[in-house]
Amino acid sequence: MPSLFLEAVLLLILIGITLTIIFGKDLLTVTIVYCSFSFVTMFLYIVMGAPDVAFTEAVIGVVSTIYFIMTLKTIRRHTK
Amino acid sequence: MRKVLAIITLVIILLIPTFLFDGIMPSIGDPNSAPNTHVSDYYIENSVEMTNSPNMVTGILADFRGFDTMFETTVMFLAGLGAVLILSNRPNIKKRFIIPRNYIKQRPNIGAPRYKTINKDVMITLFEPLMMIYAAYVYFHGEISLGGGFQAGAVLGLAYIIDVMIVPGRRKKLFALDKGNALSIGGIGTFIYALTGILTMTGGGLCLEYDKLPFGLSHAESHSAGILMIELGVTICVMATIITILNAIMGRVRFDDDPIKRREDA
Amino acid sequence: MTSLETFLAAKGIYFLTFLLLFLGLYGMITCGNYMKKLICMNIMQVAVIFIFLCLAQKDGGTIPVLFSNLRNAEDYINPLPHALMLTAIVVSMGTTGVGLALLTRIKEKYGSIEEDEIIERENK
Amino acid sequence: MNEINICLPLIAISAPLIASILIYILGEHIGKNAREAITFISSAILLISVYSLVPHVLKGEAIEIIFLEIVKGVNFSFNIDAAGMVFACVASTLWVLTSCYSVGYMRGHGEKNQTGYFSAFAICIFATIGLCFSANLITFFIFFEILTIGTYPLVVHYRDEEGRRSGRKYLAYTLISGQIFFASIVIIYMFTGTLEFKAGGFIKPDMLPMPLMLILFIMMVGAGAVKAGLMPLHSWLPAAMVAPTPVSALLHAVAVVKAGAFCTLRVVLYVFGPEAAKACHGAEILSYMAVITIIVSSLIAIRKDNLKARLAFSTVGQLSYIILGISMLTPESSVGAIYHIVAHAFMKITLFMCAGAIFVTAHKKNISEMVGIGRRMPITMGAFTTASVALAGFPFFVGFVSKANIILGAMKINNLLFSMTLVVSALLALTYLMPVVLIGFKKDIINEEFQKKDDANLMMRIPLVITAVISVILGISPNFGLHLYTLAEIAAKSIFG
Amino acid sequence: MMRNLPALIIIFPLVSALLSVFLSKISLYLGRNLVITSIFISLALSIVQLREVIINGPISYKFGNYAVPYGIEFKIDTINAIMLVMICIIGLLTGLFSTNFEENSKDRIKIGGSHALIALLCVGMLGMTSTGDVFNLYVFLEVTSLSGYVLIALGGSKGVVSAFRYLLIGTVAATFYLLGVAMLYSVTGTLNMQDMHDILSSRANDDTMLIAMCMFIAAFGIKMALFPFHGWQPSAYTHAQTGARPLIAGVMGKIPAYAMFRYLYCVYGTEFKYFRYFLIVIGALSVMGMIYGSVRAMAQTDIRKMLAYSSVAQISYITLGFAIGTPIAIAGSFLHMFGHAFMKGGLFFASGSIRYKYGIVDMNDFGYIYKKMPLTSALLSISALSMIGIPPTVGFFSKWYLALGAAGEREYIYIAILVISSLLNAIYFFKMIEKIFMAKDRDLKPIGRDSVMELPWTMMIPIVISILMILGLGLFNVKIINILLMSLGGIGI
C-alpha cells in the first residue's frame, strides 16, 4: 500500500518540525512552524483516510495559531 | 531535576524499538485485526440505517456516542469559561489601554493595523459572507458528507476573528460580542444539546434516544432532527467559545499601534 | 507487499509515531519556556491521535461515508476512531485555550514565562 | 434479667459523657457553680448505677449489652464481669471524691481553663467505665484510645512550654503503644476470628505459631505496660507531674495507670489465658520486668525531694505489684492483683490529695521544706501517715490484704525471688514515705510558718479523710460495703476454674 | 423518571452550570442559587438511586438505547452509587461554602462562573464514576481536569503557576490514558469495559496489556497524586480557590483512584498474568507515598500546605487497599475514600473559615482560635483525630479493614507501615492541635464582617455536617462495608 510510504514521509517531516520547535529560540518562528505542523498533520489525516478529522484539524490549526500569536503579543518573543 | 527527567525520556525514546516487537500492536491495514472487526463492522453495516446519516463518523459521533459529544461541547464551554474567569481581573493599570476619546472616533477597531489596502477590504467583504455560507453548508450537510457542528462553529468563529482583526476602520462590525455575552451564548448552545437529551427523556425514552423525540416524526426523520438539533448546539457553542477565548486574550494584548506606545515613541 | 511495506505496517509507522510522542514529551520536559511546553503538549496529543487513526486503517477500505454501491464491512475503514479523535482534538483545543489564558496571566504576574525565572520569583 | 438492669450500665456509661459534652458546650456561659453542679450530679448518678449493679454480679448474673456491629464480625458490646466491676466501683467512687477535691483545689488555687478541665475529666471517667465494661478487644481499644486522648488536655493543663513538652512525651508513649496494640488486635482477629473476652483466654496455645505468639503477647502487654508505667516505658509518668494535683491523682490512682494495669489483666488472663501465656513464656518475661521495676523505682523514689515526684515513682513500683500478681498466673496472686487495684487506688489518692493540699495551703513542693508541717495541718498529715503505713503493707491496712495474697501466690509457685522482692519493696516503701511523716511531725526545729494551725479547706479535707478512713476499714474488713474482695475472688475463680 | 436516574443525576448540574452565566446576567445570584439547587436535586436522586441499586442490583443505563458495546453505557453498582452520593454531598457543601467568598465582588460572570465551575467539576466526577465506557471516561476526565485547572488558577498569582503546571502534567496524564485506551482497543476492538473484560479474558495479549496497564497507572497516578507523580499536587491544593478547595482536595483525587480500581479489577481481572506484579508495584508506591507525604507534611507551617502533603499520604491508604486485593481491604479502601473526603474536606472547610474570618493561614497565628471559633476548632480536632486513626472516627475503621486485609494476606509489612504512618500523622496533627489550643493569644481581629454567630450559616452547615459524617461513618461503617462487599462479590474478587 503506497500510502504507507507517504505516511512515513509525512511523519518524518513532522519529526523534523518538532525538533525545530524544541530547539527554536524565536517564539514567533516556533508558532509559525507549529502552524505548518498542523498543516502537515492535516495531510496525514487525509492520507490515513480520516477526512473528518482532517477538516477539524485544519480549522483548529488556524484557530490555535491565531491564539498563539495573540498570546505572543503579550509575552517576550525570544527565549533562551 | 529537569535534566534527569530529560535523560530518562531519551532512554525511553531509545527503548521504544525494543518495545515494539511484533504483536504489540496490530499490523496497520490488516482487515482482520481486532479493532477492524468487532464493533467496527457493526457500525459500518448498521449505522446508516439506524442513524439515517450517510456519514458514519457523524452517525457515531452524534448518535451512537452522542453522550461523549455532549461533554466534548461542555469542555469547549468550560474552556471559554475558564479563559474568561482567569483573565477576569483588571489588568495592571500601567499595561491597560488608555484610549483617547478622539482615537475611538478615528479607529473603532483597536486591533486593526494602521494601513489599509483595497485588497484587504475586498478580501474581507468577499470572504466573510462566503465563510458564513460555507459554515451553514457544513452544518446542514454534516451528516451527509464531511463536517458537522464542530467544524461549522469553528468556521463561524474564524469569520468573526477575521472580521475583528482585519476589518478596516470605517465599516461597522458584523456582530460585536463581548466576552460575557459570548460566554452566555456558548452556555446556551450546550444547553440546546442537553435539552435534546432532556426532550428524549420526556418523550419516554432514554437519554439521547432520538426515536422518542416528542415531535411525532418517523424513525429516520427523528434521527435527522435529533442530530441537527445537537449539531446546532455544538455549532453555537464552538463559535461562541472561540470568540470568548479570543476576546479574553485580546483584552490583554498590546498592539504595535497602541496609542500609548506611540506617545512613548514620540 | 514488499518487505519494507510489511516493516512499515508492522513497526515503522508506530515507531515514528511513538518517536513523535516522546519527542513531544521530551520537549515538555526540557523546554524552559511555557509557550513551547504548550506547543509540545499539543504535539504529544497529535501523536496519540495518529496511533488511533493507524488502528482505523484498513487495506482496500475507503473513507467512511456511504457510497451507494458499497455495502460491505470490508469496503469502509473503521469509523469509530475517527469519531473518538474528533472529540480528542476538540478537547485538546480547549486545554490549549485555557493554557494560553493562564500563560497571559503568568506573564502579567511574573513578567516572564521562563520556568527558571518564575521559580526564582516564587521563592523570593 | 429485667430491663432496668440493662439500663443501668447504659446510664453508668452515658452519665459522664453527657456531663462532659454539657460542660464543654455550656461551660463558658453558665459559670463555675453550674459546671460543678453538673459534675456532681453526674458522678452521683454514676455512683448509684454502678453500685446497684454489684449485687447482680455477685449473684453471678451475666449482663450483656450489644449496641451495634462496630466492625464487620465484631459487636460494640458490654459485658459486666467481676474484674471489670471492681475497677468500675473504684473509679466511680473516686470520681465523686476527686470532683469534690478538685473544686476545692481549683478554687483555692485560682486555676484557669476550668471548663476544659472538668470536661476532660468527665471524658476520662467515661472512657474508664467503658473500659471496665467492654466485652471485646475492639470496644476495649476504642475506650483505651479515648482515654489516651482525653487525658492529653489534662496533662497540658497549664498550656506552657513545660506542659506541652510533657504532653508530647505522654502522647508519644501512649499513641505508639496504642497503635502497636491495634496492629496486634488485627493479627489476633485474623488468626482466631473472635475478639470476645473470655475468662481463661480465647487463644489456645496451638492457635498461633510460637514466636508470633510471643511477639503478639509483648506487643499487647506493651500497651498496658506503657500506661501502667512498667520500667523501661515509664518516663512519661513523672513528666506528667506538671499537671495540677487532682490530675495527678486521677492519672496515678484512678484512671490512666489503672487502665494500663487493667489492660494487662485483660490481655494476660482474658485474651491469652494462663495456658497460652505460660506456653509462650510471655508471663515469665513480664514478671521479671515487674520485679526489676519494683526495686528500681523504689530506689529512685528515695532520692527524690519533690513530694509529687516521689509519689510518682512510688506509683510506678506499686503498679508493678499488680502486673507481677497477674503474671504469676496463680489464683491467689490474681485475687491479690485485682484487689490491689482497689487498695492502691485509695492509698495513692490519699497521698496525692495530701500533697495537693499542702501545695495549695502552704505552697510547699519539696519534702525538705516541710519540716514541722504536721503542726499546721494535722488532719492532712494524719491522713498521709495512714496512707503511708498502708502502702508499706502493715497488717490491718488495705495494702496488706492485696500484698499478702500476692506473696501467697509467689509461695505457691515456690518462687523465692518474688516473695523476697515483695518483702524488700515493702521496706523500701517505708524508707521513702516515712521520712516525710517524720519530717512533718518534727518538733525540735520550729518553723515559724507552721506554728499556727491552718489546715486545708473543707472541700479538700473531706475527701482525703474519707479515703484514708476507707483504706483502714478495707484493711480490717476487705469485704466491707461492696464485697470487692468477693468480686476479686469470683473473677479469679472464673479464670482458673 | 426512575429509569433515567443515572442520566438525570449528571444532567441537572450540567444544565444549571451551562445556564449559570446567562442567568447571572439577569439577576446577580440567580445562577448561583440554581447551581446549588440542582446539586441538591442530584443528591436526592443519587440517594434514591443508591436505594434502587441495593434493592434491585446493578443498573445498566444505555444512552440512546443502543445495545451494549455499540453505545455508551453507564454502569451503576453499589460502590459507585455510594461514591455518587459522596460527590454530591461534598459538592453541595462546597457550593454553599463558597458563596461567602464572593460577596465583595459584583462581577456577574465571576459569581455565576465560579459556581458553574464547581457544578462542572461535580459533573465530571459524577460521570467518571458512573461511566462504563473507557473513552467516555476520558471525556469526563478532561471535564474534571479543566474545571480543576481553572478553580486552582482562581486562587491568586501562585495559583496560576500551579494551575499551569498541573495543566501540563495533567494533559500528559490524559495523553497516557488515551494511549492506554488505544492499546486496549487494538487488542479488543471495543470500548465498553465489561465487553473488554470478556474479550480480554478469552483473547489475552499479555504484552500489550502490560504496557497499557503501565500507562494507566502513570495516568491515574498523576491525576490522584500517587507518590512519584505527586509533584503538582501540594502547590495546587495550597493555592486553589479557597471556596472550592474542599471539593478539589476532598474528592478530586479519589475519582482517578476509583478509575484505577475499575481498570485493575473490572477490566483486567485477577486472572491476568502480570496481575500480582501490578499489585506489588502499587503497594510499594503506596508505602513510599505514606512515608514521604507524612514526612513532608511535618515540615510545613502553612496549614493548607500541610494538608496537601497529608493528602499524598492519605491517597496511598486507598491504593494500598487495592494493592492488598482482598475484598475486606478493598472495602476498607473505599471506606477510607468516603471518610477522607469528609476529613480532608472538613479540614479545608475549617481552615477556609479561619481564613474567612481572620485572614490567616499560618498555624503559628492560630493561638486561642478555639475560644473564638469553638465549632471550627472542634471540627479541626475531630478530623485530625480521624486522620490519625483514633476511634470512634471513621479513620480508625478504614485502617482496621486495611490492616485486616493485610493480615489476611500475611503482609505484615503493610500493617507496620500503617502503624508508622498513623504515628507520623499524629506528629503533625498534634502540632496543629497544640497550635489551636495552646499557642499564645495573638489578639486576632476579624477582618471586615463582624457578626453574632461564629460564622455565617452557609459555613456552619458544612462544618456541622462534616463532623456528623466523620462520626457517623465511623459508627455505622458496617452498613457501608456490607453494601460495598455486595458489589465486590459481583466483580469477582
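Order as written gives the chain letters A, B, C, D and E; numbering starts at 1 within each chain.
The working rule: a contact is a pair of C-beta atoms (placed from the backbone, for glycine too) under 8 Å apart; a residue touches a chain by one contact, two chains touch by 3 or more.
Just so you know, these numbers come straight off a predicted model, no measurement behind them.
Common partners of chain B and chain C, by the touch rule above, are A, E.
Following the contact convention of this document, no chain is adjacent to both chain D and chain E.
Farthest from chain E in terms of Cα centroid separation is D.
Counted by C-beta pairs in contact, the busier of B-E and A-B is B-E. Taking each chain's centre as the mean of its C-alpha atoms, the one that lies farthest from the centre of chain A is D. Rounded to whole angstrom, the centroid-to-centroid distance between chain A and chain B, based on C-alpha atoms, equals 18 Å. Once the centre of each chain is set as its mean CA position, chain A and chain C turn out to be 10 Å apart. If you average the CA atoms of chain B and of chain D, the two centres end up 74 Å from each other. Between chain C and chain D the centroid-to-centroid distance comes to 70 Å (mean Cα coordinates, whole Å).
Among the residues of chain E, those in touch with two or more other chains are 135, 139, 142, 146, 149-150, 153, 160, 185-186, 191. Among all residues of chain A, those that touch two or more other chains are 1, 4, 51-52, 56, 60, 63, 67, 70-71, 74.
A list of each chain pair in contact follows: A-B, A-C, B-C, B-E, C-E, D-E.
Residues 1, 4-5, 7-8, 11-12, 14-15, 18-19, 21-22, 24, 27, 30-31, 34, 37-38, 41, 44-45, 48-53, 56-57, 60, 63-64, 67-68, 70-72, 74-76, 79-80 of chain A are the ones touching chain C in the complex.
Chain E meets chain D in the complex at residues 328, 385, 388-392, 396-397, 399-401, 403-404, 406-408, 412, 415-416, 418-419, 422-423, 426, 430, 434, 437-438, 475-478, 481-482. Listed in rising order, the residues of chain C touching chain E in the complex are 21, 25, 28, 34, 37-38, 41, 44-45, 48, 51-52, 55, 80-81, 84, 87-88, 91-92, 94-95, 98-99, 102-103, 105-106, 109-110, 118, 122.
Here chain A touches chain B in the complex through residues 1, 4, 51-52, 55-56, 59-60, 62-63, 66-67, 70-71, 73-74, going by the rule given at the top.
Against chain E, in their complex, chain D makes its touches with residues 68-72, 141-142, 145-146, 148-149, 153, 156, 159, 163-164, 167-168, 171, 175-176, 179-180, 182-183, 186-187, 189-190.
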